[in-house]
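Order as written gives the chain letters A, B and C; numbering starts at 1 within each chain.
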Amino acid sequence: MGGFRVLESFRGRDVISILDFTRRELEELFEVADEAWKLARARPLRGRILALAFFEPSTRTRMSFESAMKRLGGETLLVAGEEAISVAKGENLADTVRMLDAYSDAIVIRHRFEGAALYAAEIAESPVINAGDGRQHHPTQAMLDLYTITKLFGGVDGLTIGVLGDLRYGRAAASFLLGLTLFKPRMVYLISPPQLRPRRELLDELKSRGLRFQEAELADVLEELDILYVTRIQRERFPDPSEYEKVRGSYRVTLDMLERQAKRELKVLHPLPRVDEIDYRVDGSRFQAYFTQARLGVPLRMALLMGVLGGEA
Amino acid sequence: MGGFRVLESFRGRDVISILDFTRRELEELFEVADEAWKLARARPLRGRILALAFFEPSTRTRMSFESAMKRLGGETLLVAGEEAISVAKGENLADTVRMLDAYSDAIVIRHRFEGAALYAAEIAESPVINAGDGRQHHPTQAMLDLYTITKLFGGVDGLTIGVLGDLRYGRAAASFLLGLTLFKPRMVYLISPPQLRPRRELLDELKSRGLRFQEAELADVLEELDILYVTRIQRERFPDPSEYEKVRGSYRVTLDMLERQAKRELKVLHPLPRVDEIDYRVDGSRFQAYFTQARLGVPLRMALLMGVLGGEA
Amino acid sequence: MGGFRVLESFRGRDVISILDFTRRELEELFEVADEAWKLARARPLRGRILALAFFEPSTRTRMSFESAMKRLGGETLLVAGEEAISVAKGENLADTVRMLDAYSDAIVIRHRFEGAALYAAEIAESPVINAGDGRQHHPTQAMLDLYTITKLFGGVDGLTIGVLGDLRYGRAAASFLLGLTLFKPRMVYLISPPQLRPRRELLDELKSRGLRFQEAELADVLEELDILYVTRIQRERFPDPSEYEKVRGSYRVTLDMLERQAKRELKVLHPLPRVDEIDYRVDGSRFQAYFTQARLGVPLRMALLMGVLGGEA
């Protein structure tokens, strides 16, 4: 239970942005995640209920939380899909949050709107965990990304990291970048099509937090990278399909490209699901780390749930 | 476990109408509900399965049952939404009920058709709990309403109660009125638009059971009320939208109105979800009791499930 | 726990086709199924998670697995309906299987495509259980059918069995027939409309495995039968609705027909759901065994899950 005590600062806390946490807190979280399977044997969250409110679909994030909670002996209550849509239509979000709050011990929420999780947290008495809202925040994904890097490289400091894809609308990439500001990577390269460059506010935030970063082309920096974090470029972001087709090929990671230019130790991450931005031939190569990353989602979220819901339970 | 013994008459029983129960039985149920959280610690329904068959959507009722069952250590099997619709299309209700009966220890059913729960109860060997069918029966909602009043006022007898909204098609209001006949309120005022007055059969039933009631306008009786039970008026009930618009304003409860006319102690109830029939400014006022009511749904249903499924479990 | 030890050969194994098992293994499985309720009391699968991935709907099979897993103290993770459709659209099956594999201890999969379960099994580290794929394999249904017959008649050998309905596209019938090749029925009659006769490959397989079978008309063989296994004839299989109407009546089992021609001991099975291929008047008669069969789905699947996931858990 030692693993628990160190997460005392997580108890009862809302998880809205990765920036709600200090580097030290994240490192403690990762230590507990390393022990999660062992700690789970005592079923520490038996009798506790986690509400999962997915007003926007995300099968991976949903199942990952559900699996984590159940591994710890807890239970879940799900509202998602058509049902979530019709709940959202039928009443205001505040009433829905009060309902979830009445039926559970903590609420995981995913919502299309910026600020929805924070708003829910203001209404609910129970802790609220943001499973993605708006274009910027997806803190448990960022925790998972940083945890994966810590497992792979022993830490984040000193690494050279490329972040590729939609840096404008993709909340996984934005959250990851914000999370990186809590650490000291050597350099972060932002690699995106012109239409999907990061928003001004994000760049300002990264700068003001002292992150060393610059925008770049993949070909120019690939050989320097320890980590290549790939995200999906969605066709729907391009008003003109031909623009998408033009851009697409240049942001597709192939095994040839990696074998030609990348360091032997380079690891490719991806929050998944992917469409075709990573060549399937990378799957079986030494560069692949995205499946490892996906697997770590369960112990990371187990640790977080033990922290937030933990204690005498 | 003393709390259990007093619910012996609930064991294995179907819950179809609030009128299936005596006043004494409901009072025993409420006493167990008061102890529900404490009794849950022993996880008395471990290994038991509750099937939830929602052929008509109701997120609140569904989640409330699911939370109650899981708090008691039990498990649930859900069929709802599109799946429920296609099951209902694919075979007759009797076959579906037999399936649920084969896979669970008790069945919660919600269905659009009058009598569906009773029909299910005739087929299933396990107990069937009506989570709302047709226009008249929603017994667990009525139990919850009466329980809430008991918590707020120490009992139902002697109170003056207004029931406002759709008294013609709304099953929550009808069930609540039937439930009131088991007690002795001083007076019950029925407050509804002309198009949504209670059906003859319901009025006859209330009369033959000796309930003191009369139809009234809200403005005329508001100052007398201890309880104002509000239900939703659905636009779809009005063939002509302009009729709806005419009627709507007169059945909307505002904070101004309450502060001007109501007793200090008046409490507003609502089965939820609401649309705009209660001004949001009431939420933070002393009159609001609908969120309290929603929260009591879990312990009330825990007590009921312990009663129906209880025993050696 | 003796029941467990005999299922050692099931441990960690994929369940793709009924032909993956020997007669002796199935008989051991049936013995454990007989004890399943007793074995469940120890909650042997506590802390284990079963993923249920239904890319094609099947409420009965889904709920039966879910009930079995929960009876054993385990938990489930479901992806079905619209969500499954959109997962399937959003990424390739391999990535989805890897996700399920990361979040659970075993995967139940139902899929429209021939070979989908085998493909999933090649990717997943955890055992994969086929809950129906393509037109031929639905091994747990076949196990259940054979188990039901064993319960009713003490075994399968020496029985005369009619299999009626869609023998061309119906995977339940095909799996059942393949399963019968592991036993020694006296004779198997294949009774289907000309348009829905078994495919050549299936007939060849049955022949090469030494099953004694022949095609027949129901009226000609009914009096010989011990078992009549009925499956649904779907209107959609007939390009011309009038052909369907012509054929339909001759493949409908009525109580009159059974009382006139069948042995007293004949039992009618059906994988369910049925539409109108069995007269409802059969339900209350001595011939009905399809509801018994449905009920046996839970203990049979409990036994299978204990076998596949069992051990120290």
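In the analysis below, a residue touches a chain if its C-beta (ideal position, glycine included) is under 8 Å from a C-beta of that chain, and two chains touch if they have at least 3 such contacts.
Only a predicted model underlies this, so the values are computations on that prediction, with no experimental measurement involved.
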Seminar exercise, completed: Among line, ring, star, complete and other, the chain touch graph is complete
For this session: With over half of the numbers shared counting as same, classify the chain A/chain C interface as same or different.
Result: different
Exercise. Between chain B and chain C, two copies of one chain sequence, what rotation angle (nearest 5 degrees) aligns their Cα atoms?
Worked result: 120
For this session: Can you check how far apart chain A and chain C are, centre to centre, with Cα atoms defining each centre and the answer in Å?
Result: 40
For this session: Quick one: which residues in chain A touch 2 or more of the other chains?
Result: 81-82
For this session: Over in the complex, which chain A residues touch chain B? Could you list them?
Result: 46-47, 49, 51, 75, 77, 79, 81-83, 86-87, 90-92, 95, 98-100, 102-104
Seminar exercise, completed: Interface with chain A, chain B side, in the complex: residues 40-41, 43, 57, 59-60, 63-64, 66-67, 70-71, 73, 80-82, 272-275, 280, 291, 294-295, 297-298
